[in-house]
Amino acid sequence: MEIIYLIFILFLSGAIATFLLGKVSKRLRDIAFITTLVVPSVLFFTQINIGQTVDFSVLGIHLSWGITNFSYIFAYIVLGLGVLAGIYAVAAMKGKENLGFFFFNYILSIMAMMGILFSRDLISFFVFWEIMTWSSYLMVVFTGKDVQKVGIKYFIFSAIGAYAMLMAIVITYSLTGSMMISNLIFAFPDFEFGMQILIPVLLLIGFGVKSAMMPLHVWAVGSYSHSPMAYTAVFSGALSKMGIYGMIIVMAGLVSRIPEGYWFREVIAWMGAITAVGGTLWAVAQDDAKKMLAYSSVAQLGYIIIGIAIGTPLAMLASLFMAILHGMFKGTLFMAVGAIEKQTGTTNFTEVTGLIRKMPFTFLASLMSIIALAGIPPLGGFIGKWMLYESVIGSNHYLLIIVIFFSSTAAFLYCYKFLFGFFLGQEEKEWAHVKEAPAMMVVPMVILAIGTFIFGVFPGLILNPIDAGLQELGYAVTQGRYWEMSVLFNEWGDTVVLQPILYTILAVFVFFLAFVLTKNFKKTRYVSTKDISSSGEIPKEHENLTFSRGFFQPFLRSVEPLMRRKIDPYYNSFGRGMEAIFDFVRRIYTGNGQTYALYVVVFALLLLIFKDRLWG
Amino acid sequence: MDLLTNILGAIATIILAFVVGMSYGGIVRKITARVHNRLGPPWYQNFIDAYKLFGKTTAIHHGWMQIMGPAFLMVSSVVTLMFVPVLNNGGWFTNLNFKGDLIFLLYLMVFGPLGMALGAGQTGNPNSAIGVTRGLSQMVGFEIPWVMALVALMIQFNTTTITGLMDVQQMSGTWLMFSSPFAFIAAVLAMLGMFRYSPFDIVGAPTELASGPVSENGGKFLFTMMSSGSIFSFVKLTLYVDLFMGGADNLIILLIKTFSIYMIPVLYGIVSPRYRTEQAIRFFWGWPLFFGILAILYAAIF
Amino acid sequence: MKDIKAKLTEKIKASFDTVSEKDYNGNRLDFHVDVKIIPQILTFLKVNLGYIHLSHISCVDWLEEGEFEIIYILWSPVEKLKVFVRTRINREKPVLPNIDMIWRQANTYEREMREMFGIEIEGLEGAEEFLLEDWQEMPPMRRDFQTEEYAEKTFWSREGREDAIDVREEIIKRSREEIPDFAKKYSR
Amino acid sequence: MINDKNSQKIVDIIQNWARKHSIWVLAYGTGCGAIEIPPTMTSRYDAERLGVRGAATPRQADVLLVTGYLTTKTLKRVIRVYEQMQDPKFVIGFGSCTINGGMYYDSYNTIKLLDKYLPVDVYINGCMPRPEAVLAGFGKLQEIIAEGRANGAQKYKDNLEWYKANQKKIIPSLLTTDYNW
């Protein structure tokens, strides 16, 4: 039997087995869950060869599954994050009800993502896409608390995306007579102009919904913040990258091959830029960590979309690198929020403070992820940002670079807010009992955080497979031109050499600590955060001095004109308008037989009058 | 060059930056005093202060992040210093000049303030956190015209490295402040915020915030912050000189150029009261932004 | 002004019978009332007669008579008239009704009175210390509290000050001048 | 710190010289004396030429300047501020209120002698002392710092129980300190 089938059979049977075992024993269920995630992943990374395909036909339509260099990049995110977040989920969701269903859905969405990566034809792509949408929808409404609106929003947008995609698939089939993605790409330049615009637009609506591109991002914040945090790590880290995966195929495979593609790409790039700025500013304004990270995810996906839209080899490298790193650090951050939620019961910055000494490993993982998110060297996030900036400058997008810079500078604000809100500030008596999260939750976070560090110094480890994937999309070899194992180059040959940076930083750190601190450090001792210079006043136990409300109010007041425009009211008014239209339409059906008879007569008359026009 | 020369050169650079930065700080205090019609402290007052702070005991801390805060700041300023060319021909001060570019430098400069902000946060003093939020907000303000100026230079001369831009000036014999004047104006206006003299000293406003982020730090912590601050101001000044004033051939010229450019924020600051945070942000999104756009248009057209 | 005062007195007397008034020149009028009707008369003045502003609550220690006198000073912005509502309570067991539901700011005065004179206010919120911290002696504003003695006992004087030279006399002695008449009045 | 100048080590001499020329003052403006600080610091008297400079928080300060009378309530805060300062630290008692109670000699809530509660290195007499007197006081402090005689902090450490007993006598609710320097 083909190993590809085996993977999917294992996923499916494992999902069902987990669900059923959940009725019998919790321990067995957990073991089955992790086994189901680990075994296919090991099989995938050891047994699957790139280029190996299986072909079969269903109802006379030729289908094909197989992994390519390009989809292999995304398999790293899906399986790596899937397994780690799965291990985390077992500990994080302990004690919750209906867990068998949760695990079932979890495995199903991992399987669906792998299916999307395996699909070489549009039909199976679409089927897996729908499985992914449905399983993630069930996860969004899993907690069951005030999720109706959120769930409906996600569902409606997914449905719009799915219909758009289905339409594109039908058009493709009618034009090419084949369902293969490669055929579409091959035949695309010969389509007529309208189709050349329509198909990418329809597909981009489908993918843009998943990758939360402005103006299709409306569902993202609610869904990310309402699904269980263990799943949100996958939801934001991996599942949104499926949209990116599709977008890259559309932009690189279709749009870049037509002459009008330039303007198309400009529009997408600016939409990505607006996504980035809006997401960042709204993230700064949030007081809830889940919502903040959700908006931040939207913003980060905006950067990735910009890179894809620009489409130079360096930009593509940047986008794919950022996609992988975003999965890692945003996964870690969502996991950290989940750990804090589990230990304290809330995710609001205004309520939780001073956890650094209670949860040091969570803090460390969050710190590294935040540094990566902010794009500060020597962690991995910097590589992606650097390449993105260089590609944007190199491709002469002068104003775009300012917008990106603005949003990435503003990102420091919410980065600091995240760390300060939870971990720093006054240590409160209310949270004195809080302990570090269980090891099963901490270890995945720390592994991912260390990963961002390693990839920050040796980006070649990721850029190598990305390079292979890009070659498949028709780009030339970029190794040696844009990157080496730990050296980066831009369009003009300017370099950043990463290793000496790391060594210098470490050397100065060590020197500093040895020189300044050890000498007198034995005498230095810890005092509580109540012992601060508050004008001689001694804060009482119940007095919380932490500054956490209205954190960036002056800044938000300054950017208030930018934030005044929100897309939601437009959708709302659109929804109300549709309601009014349907209400009007409903009035036609009066329920009176006489009225219907009148309609028939009127219709017949109209037919008579316009007969000539219609058939003439 | 072998490793030993590199290390010695690096140490020489650090000492130079420390001495110059501290002396400039003292001279600024002197100048401020003279403008106030006072005698003022001697120019070496900052060295005395630093030595005294170093000699003070550091009896308490609020946790390991507070200890790491100054370390982050020191690391950031020293490592940034390594990447900024001090002299045109390099020589002893070459260090890591050719291993990073401007965008890398921009991000490296954030590393220290972020760590410092974390250290300030751990102390639990609300004033520290308020100071940090103000600083971050102001940074978003001045970063826009500053980056616009840099991008204008980059696209005008097709290079993103400092050494590349210095070579351009050497080759043409014209300083970039004359060949791309709008970028220079935008960068100088951004510099007002970068040096945090008044009216942009909203971060450590002593009367409102009790010196803001450093309010819980005394003794060796404060010494570290003070000296890295001095090194950092030297780095920024040298960066401006390298980018816009053709670099420097020897140390004397370096001192003259850096000092003259340093006087812009200082003299502007002495006579100005303090802005509120919104006012500071809006200042940078007014004329500086306009000049930044002009600079980019100038660079794109010519 | 006379008319206003007469009208006011009339109105008050109509509602409360145990009130005696005393007129002063200018815009001031005093009422001596019983402590029991304090909340009623203040409410009446505020709600019905427009004396909406409580300027002050004052307390006087009549040590010799064994009583505290509490004075509520009200002001009407319409009639431009100050009304002093005076009441006397026993000094041994001073109890006063709480009026901070009528004026919120009365709370501050009442807490101060409680601490400084030891007057118990019925149902006053805010049990914690207000102005004094860790006070264990008699309330310090009572007249039988010996301030100087307490200060000598609690706070050290500087050594070498036992002779307690009067500075003025000493200065004059040294400068060999006469004590001026105005200064004699103040010298011990 | 060492009392006798002759027995100072060379390191101590240098450090004391630096301390002498860099006095960061935390002015605890409790009483009327606070108004004398602005003229001392600004252009007329310019204390900055002596290295005197304001410090914003006790953590950074060297000198605690108690400007005027101290009620028992403020004394509690002043003690806390003093204990938050880092060694080496000095106290200047400013105005006659800190010496003998001044015009508040018979008040029920104002201390008379600061030295019983905190180790005062230098007193500045006067009600109010004019800026010249303040400068003279700083000069005296510099002098004794250079000679190594400004050992108030050491005195406080050595006689901690006595000081604490005095403080507790008038402030019973003073938190038992968790400072051990």
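For this structure, a couple of remarks:
To keep things simple, chains are lettered A, B, C and D as they appear, and every chain counts its residues starting from 1.
What we mean here is this: a residue touches a chain if its C-beta (ideal position, glycine included) is under 8 Å from a C-beta of that chain, and two chains touch if they have at least 3 such contacts.
Note that the structure is a prediction, hence the values are computed from the model and not measured.
Centroid distances from chain D, each centroid being the mean of CA atoms, peak for A.
Remark: among chain pairs A-B and B-D, A-B carries the greater number of C-beta contacts.
Chain centres here are Cα means. That of chain B falls 36 Å from that of chain D. Centres computed as Cα averages put chain A at a distance of 59 Å from chain D.
The set of chain B residues that touch two or more partner chains comprises 57-59, 210, 215-216. Across the assembly, chain A contributes residues 527, 531, 533 that each touch 2 or more other chains. Contact between chains, using the touch rule, shows up for A-B, A-D, B-D, C-D.
Listing the residues of chain D that touch chain B in their complex gives 14-15, 18-19, 21-22, 24, 42-43, 46, 48-49, 51, 53-54, 56-57, 59-62, 85-88, 179, 181. Against chain D, the residues of chain C that register as touching in their complex are 132-134, 136-137, 140, 145, 147-148, 150-151, 154-158, 161.
Here chain B touches chain A in the complex through residues 57-63, 65, 67, 70-71, 74-75, 78-79, 82, 96, 98-101, 103-104, 107-108, 110-111, 114, 117-118, 121-126, 129-130, 132-134, 136-137, 139-141, 143-144, 147-148, 151, 154-155, 158-161, 164, 210, 215-216, 220, 223-224, 276-278, 281-282, 285, 292, 296, 299-300, going by the rule given at the top. Those residues of chain D that touch chain C in the shared complex are 72-73, 76, 99-101, 105-113, 116, 169-173. Every residue of chain D that touches chain A in the complex is listed here, in rising order: 28, 57-59, 74, 76-78, 80-81, 84, 175, 178.
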